[in-house]
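Take a look at the structures listed below.
One chain, chain A, appears in both complexes that follow, with chain B as partner in the first and chain C in the second.
Now for the complex of A and B:
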């Protein structure tokens, strides 16, 4: 996951339309529709936010900033999706951002009242990046439905920090800020649970992985890419080559500016 | 031929009753979406209510209400729950 600060800000501006300063720690906010991502986003950023569209898409893009413990953060509110296996424009945006923008931490917001449906997305995000925090939102709703969630066990099973929140009441946000800081700065290193596939798939992955590792330069998760290659996901391949091109162009720019100096 | 375990399509499920998903005869985008919503083989599903013209039907799946067109639900194969199985 190495991406120089210059390359990162170029990529974010050109590819995702989000301006980021070199000193800012970046956060992506992912989750199913209607789990309260935007409530959390608003609670964290207050009025320091910008809204617009994703470049070339009629999907809203919101990003904002806040300070915590004297560190500046940039947070991007991704479109609500059930999955990252990209078939709608929203899913494609969320997937491309998580895969290619390489945020310092990804917060997956889950609806505590229907975890079974929501955990699907969390497991997909776990395959893309280890820097994940799970935010169990709508704990107030869960309480109304007499649902009790064993947060420490969930944390142990998932291998990532789990923060219970009720964003509408502002509950749990202090802990969320703290966990975001810890993961973004590398103080806390989650080891998200990885799905083991059938032996056929796993042996095919084993063959593909060395080849994929060659082209990705460690900036992308080779396992996730190999899995999408096995899927035959054409849409992802287009995004991938698009991204790799951009990467090369910006690298050339950077080389040229070095020579000019 | 005796049908010890009758396989029906989800669209034939009567309102209020529950059954278990056997397989999805859908493909491509819709199949992916249905799977992402947690409708996978083995899942228990209950039909809750139906639109005014008999379509679509709302189903309760894993605590979430999801509406499906009967055209799509007819491609989802289900089996009746044997007595004593867990309610949805």
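Now for the complex of A and C:
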């Protein structure tokens, strides 16, 4: 489902408390805690940022704006999380935003000094949206720890652009801005690697997929929904039906026009 | 209409998922997480070369030991006993020294007052009331705090505390509470009011309430000195040769009991008025660091020791004056203090304490730090013994007031399990925003404290052990 600009801004304002202008390209910034996400956020937005809380939650919400190549960007700093499996309020917020807000590009910030643990989050984001950039931050610290990461082959493995940065030194940020522009405008179309599950899970997925396929008119990956159903993740299903309800009320005319087709 | 059909699809799919989940035996959620990790591991293997492995390996070895199934708990208990042993052994000598210096100074003060020709009641309120209480607070509390807090801060700084939370997580799960509760309990060791505030880190309102209501079962540093003083004067002192170790074991036992009560009450609460399932805890274990000595000293001495001492002194000084007045204003034959204590005596005796002890706990409501000083003050103001200089004589004071080992154990039990101090109650009220929960946080420990002491006393008396 591709939302029209007005509908999107309505949803963003009401559901996530983030006002977005119609002409702004939207960026979501995801990552584990303590990976320098805020440093990157600050470096990109400078002083053009607003902080508050997520609607109805005691979790900080920061969003900011910047211009690049004469294009206006709105960037939303998601809470730092280790996964999107919604064990905590932070994870729930990050997951709901990625699933339902449909940002033009998602930047996943990884800590280069503990790549393996950080990749878990990136892989989960890949399941939700293909418009992803991986920002490999803290490269300076990784170097100090004698860790060598082969960035081109990581890029090949993941199927998304990988930008190596050391945000505190301001290194790699120019490339990050450029890549964000390219992915957000559709110039670059990543094909993120999908997680291969063990045979049990895959065959169970196959059973469920046909039932899930038409739930959200393809706004959300059916595979992701099926996985959460297998999880028995009540929380996500609540969010989903909640979102479908909002969908129903505020976009009724749109839905009807679609049904009429 | 389209949307309505889609939500029907959702519930349909959910039903099918239930069915699929039942047909496969292993848990899908675990398998899915395991697969995600497997994928991440595979990718990492292809792109990462590590030129210096041993450093990480070292952390890993310690972690495997500290958080292992078999050594995790014994190691924790061993550390606990060790910390208390060092605290108690180390505090003995400076405590005695401080006491003798401070009480010698009291005699000097008395001389000055006499020289100035001050009236008796001024001398009574200021010297025998305020000064003597303060001297007690400082002599009894300062040395253990000055040793315990740096040790505790050292553990905190080295990165061991998060491992404790990690170890305890699954027990808390069993009690249907949140693993983060163990961190709020660690805060509670410092101060229960701070512990209650720190419950904000728990996301689920249900688990936060459980953590708030049970925080009082970890002894705060207002009660630590009381516990330490009573063990060292009474329990360890009775068995002379290994007193240090015995004391440490007793204190550790008390703490473990507090943890056991916390878990039991948490479980009971989640079975009754706060029903629900536990949520998960995500905890990043920081790498071990060499503690910064400067920071440890600053945090333990300035932030903790002096802070607590200041609070104790601020509350103890007026309390000392009030107690002296109560002990020296007579209604008929008896002073007000004795009248109240006699009124409380039957209840006190029933739970193995006495009227004075119960009254000290009640007067100690503003701050637990002053319970023991109040108690000693009230014994001294009515007894014949007016002057003493060592902890050994303190023991004599207590014995001459009818203390047995059972009394000492009951005082420690009651100190661990009784109502929280006024600050904690106020904080609970602010944090929960409800008088009901604040009252419950008073009621639960009070009931438990009374029943624990009552049962112990009756059982011991039944078997004629004391």
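As a convention for this text, the second predicted complex is superposed on the first by the 251 of 261 C-alpha atoms of A that agree within 3 Å, B and C clash if a C-alpha of one lies under 4 Å from a C-alpha of the other, contacts with A are read in each partner's own complex, and residues count from 1 in each chain.
Going forward, contacts are C-beta pairs under 8 Å (C-beta built on N, C-alpha and C of every residue); 3 or more make two chains touch, one makes a residue touch a chain.
What you see is a predicted model, and the numbers here were worked out from it, not measured in a lab.
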Message: Please determine, from the superposition on chain A, whether chain B and chain C clash or fit.
response: clash
- request: Using the superposition on chain A described above, determine whether A:207 touches chain B (first), chain C (second), both, or neither.
  value: second
- request: May I ask you to decide whether A:150 touches chain B, chain C, both, or neither, giving the answer as first, second, both or neither?
  value: second
Field: Greater residue coverage of chain A in the superposed arrangement, chain B or chain C
entry: C
- request: Mind working out whether A:199 is in touch with chain B, chain C, both or neither, as first, second, both or neither?
  value: neither
- prompt: Of the partners chain B and chain C, which touch A:240 in the superposed model: first, second, both, neither?
  reply: second
- request: Figure out whether A:116 sits in contact with chain B (first) or chain C (second), or with both, or with neither.
  value: both
- prompt: Where does A:232 make contact in the superposed view: on chain B (first), on chain C (second), on both, or on neither?
  reply: second
Task: Considering only the touch criterion stated at the top, classify A:82 as touching first (chain B), second (chain C), both, or neither.
output: both
- prompt: chain C has the stretches 129-137, 165-173, 327-335 or 345-353; which one runs into chain B?
  reply: 165-173
Chain C-contacting residues of chain A that also contact chain B: 82-83, 85, 87, 116-117, 120
Task: Give every residue of chain B touching chain A within the complex, in rising order.
output: 29, 32-33, 36-38, 61-64
Message: If we count contacts the way the header does, which residues on chain A are in touch with chain C in the complex?
response: 33-34, 82-83, 85, 87-89, 115-117, 119-120, 123-124, 145-151, 153-154, 157-158, 193, 195-198, 200-201, 204, 207-208, 211-212, 214-217, 225-227, 229-233, 237, 240-241, 244-245, 247-248, 252, 255-256, 258-259
Complex contacts: residues of chain A adjacent to chain B: 82-83, 85, 87, 113-114, 116-117, 120
Query: Mind pulling up the chain C residues that touch chain A in the complex?
result: 1-4, 6-7, 9-10, 12-14, 16-18, 20-21, 24, 26, 28-29, 31-37, 39-41, 43-44, 46-52, 55, 203, 279-280, 282, 284
